[in-house]
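Starting off with a structure, shown below.
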Amino acid sequence: MTSSTAPIQVERTTRASRAGLAAGAIALLALGSLPAWGDPSTMRILVEFIALLVLAQMWNLLAGYAGLVSIGQQVYVGLGGYALIVLADDLGVNPFLAVPLAGVIAAAFALPTAALVFRFHGGYFAVGTWAIGEVYRLLIANTPALGRGSGRTLKAVFPLARETREVTTYLLALAIGVAALVAVYAFLRSRYGLGLMAIRDSEPGSETLGVDVFRTKLVVYVGVAFGTGVTGALIYLNLLRISPDAAFSINWTAYTIFIVVIGGLGSLEGPLIGTALFFVVRELLSDYGAWYMILLGALAVGVMLAYPQGLWGIVAERWDLRFFPVGRRVRVD
Amino acid sequence: MTLLSVRGLSAFYGSFQALFDISLEAGEGETVAVIGANGAGKTTVLRTIAGVLPVPAPAVRFDGAPVGGRPAHELVDRGIVMVPEGRRIFPSLTVEENLLVGAYRARPGRWSLARVYELFPVLAERSRQPGTNLSGGEQQMLAIGRGLMANPRLLLVDEISLGLAPLVVQELYRVLRTIAGEGTTTLVVDQNVSQILPLAQRVYCLRKGAVSLEGRPAELTRARIAAAYFGV
Amino acid sequence: MAWVDTVLQGLLLGGLYALFATGLSLIFGVMRIVNLAHGDLSILAAFLAVVVVETVGWNPFLALILVAPLMAALGYALQTLVLNRLLGQGILPPILVTFGLSIIIQNALLETFSADSRRLNPGGIETASLALGSGLAIGWFPFITLAVAVLILVGLQLLISRVSVGRAFRATSDDQEAAELMGIDNRRLYGLAMALSLGIVAVAGVFLGIRTTFTFASGPDRLLFAFEAVIIGGLGSLWGTLVGGAVLGIAQTVGAKLSPGWGILTGHLVFLAVLLWRPQGLFARARRVD
């Protein structure tokens, strides 16, 4: 209790974030101009990087902030991918326009899925999301129009010159990456984001404060499905060939979980670090088969046991660094 | 002979300090009362003695040995048994199973299922019912019986009369008298001062986490106790 | 008659599913942990049995005598060394750690045993059948599987209801702190529960390996079916698990008979239907579990 009349200020940005914003803008310019001076393989890797990063950001929002641990997000990757093929090949939509639309379709499926899956909580919620994912996979693998078990190829891009397709895909990926980052950041700094963090800390507590827990969780779940669906479409725009086993593979979830856990759950910076580390490990161990997955798994388990806040969490605590501050600080002069 | 000795005990819930430098003693065979208003820290004291709250080892000495901070299940082995606030009867277990689980550590002693049923005949009648089907007073009896099944050397009873009707409370205190008569050292926390004082050889009054009064009930006046209790 | 046979096959398959489900349900009941590596651990047991069979030449049933206690010990170690450290940290860490474990086990099995499919050969009993009259016959092995499942369930039920440790399981599941006041060491108890769970899962894995071929990737489906059996039967009920397994098994066999390739999907659909119309399962206990 202080009786001083010192002015109190509430700050929402940090010095690091202002510096980070500047650095980010420069990086964006560099990346945006890449098609002019870079080569196609770099662009392909970056598309993959961005896709995994966005998947990680989405999963992070769901699990790290909303407390919904889903191991079934691959459903929306697959749905987004298949929606792309159907929209572009069967319905004649421009394939690049079809990407965000695929996200909308994925989000539409998220509603009935949520109706089922929200009946579970905690660990059983996790398994439930995966179980439903399997149902989707099997249903699609049994649908002739969708290519059954062998899948389909994206034909709508064939008329385009290879370079045009690659550059447009890359720029689209960049746009998606930035949009996802901005959207998640803006959401967390908004009233809804505050409600979400309250739910994360205490569900019953936040309810007494008037936070509509169910609705907030549903909004996040559907929003994340949209983001994941868009990313799924992007991935298959890049790969051109989709099959149920690959699109609905649990590996998508495995990668994102490892990225988020190692990088740092519940922070925006964490997935960035995690994705970078993931690519490094994959490159280093690419000749050793399944060992890179074993290493990643062991790393994730180890980090969870010893440093649950992840690599970024260690850095942030040590040096009080926040590039994407979502909290508020009270400064008393 | 001093069985329990608490010296300089400070306890924290996170960064909130609940106890400030508490000292108290219980001699073997004594009944000690710990009284005080809501939030004074009475339950916290019991929880630190029972091993639920971590404290430095020398802060709590039992039978001469430092036991502060030892986990609760280990302390049961030594004979420190707590009857927790709110009874905490296990809903998945019957009355009899609740009693049996109290004897989990199989400590030797005079208390057995038969003797507990003798002390609380109503428990024998309801032995096959789920523990939580009992009334509040019966659950308190069950909780005490469950504690006795561990053959305690030191029985800690937390908020024995909380939420119970006066007649039931009287019955409970009659039972406490019997237990004390057998020589079990008992530390009883209660907000009901009038019932507990006649039973105790020593009383400690807590206020805002510190001892505001201690002594033998016979030597303390009502006025002094009220002053220590309310801080007026 | 063909349909009766199908239902019968499904019922027997349910015995195997019940075995898988029991281990999962036990640790969820006691410690509220869902072990995402549950299925992979059963496959690990099956591969361990392969190793024993190939090196020592024993019958797979005999190999169980080595494998089951080994897996139980592994379970105790896993719980006390790894999962116990996550206690009190919420639901996220155990899910993530067991998921990580699942991936590690699968990939380690892949590296060690390659992607080849394996099968355990008990020397003939898996093809022997018992004639029931009216043209019906059941395989001896599926019947034994069901019998073993029922035996284990009975044993577990007795343990939980009559024995001191079983009471301790129930008490700890009710109120962990109060259980500690009874002198129950939660950490060791949880280790025991996990040991029991993995011992049972080892039996399930070996029986699966006898019944059908398996690979390093067969684990996740086991978890899935175990989970579905638990949900259909109802949380918190051991006998419900048996019924849940039977319902799932029958759904799968009936579905496969209607159209090959639709067997598993039919099981999923029945699971979803139960989830929609009776989410607490067919035999749920009144107690709320989440």
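As written, the chains take the letters A, B and C, and residue 1 is the first residue of each chain.
The rule we apply is simple: a residue touches a chain if its C-beta (ideal position, glycine included) is under 8 Å from a C-beta of that chain, and two chains touch if they have at least 3 such contacts.
Every value quoted in this text rests on a predicted model; they were computed, and no experiment measured them.
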| item | value |
| --- | --- |
| Selected pair, greater C-beta contact count between A-C and B-C | A-C |
| Middle chain, criterion being Cα centroid separation | C |
| Longest centre-to-centre distance from chain C, chain (CA-based) | B |
| Chain centre separation (chain A, chain B; CA means) in Å | 53 |
| Where chain B and chain C are represented by their mean Cα positions, the distance between them in whole Å | 44 |
| Chain centre separation in whole Å, for chain C relative to chain A (CA means) | 33 |
| Interface hub residues of chain B, defined as touching at least two other chains | none |
| Complex contacts: residues of chain A adjacent to chain C | 63, 67, 69, 71, 116, 119, 121-124, 126-128, 130-132, 134-135, 138-139, 142, 250, 254, 257-258, 261, 265, 289-291, 293-294, 296-298, 300-301, 304-305, 308 |
| Contact set on chain C toward chain B in their complex | 164, 167-168, 170-171, 173-175, 177-186, 287 |
| Chain C contact footprint on chain B (complex, rising order) | 50, 52, 71-74, 76-77, 81-82, 84, 88, 90-93, 97, 100-102, 104-105, 146, 150 |
| Chain A contact footprint on chain C (complex, rising order) | 28, 32-34, 36, 82, 85-86, 89, 91-97, 99-101, 103-104, 107-108, 110-111, 220, 223-224, 227-228, 231, 261-262, 264-265, 268-269, 271-272, 275-276, 279, 290 |
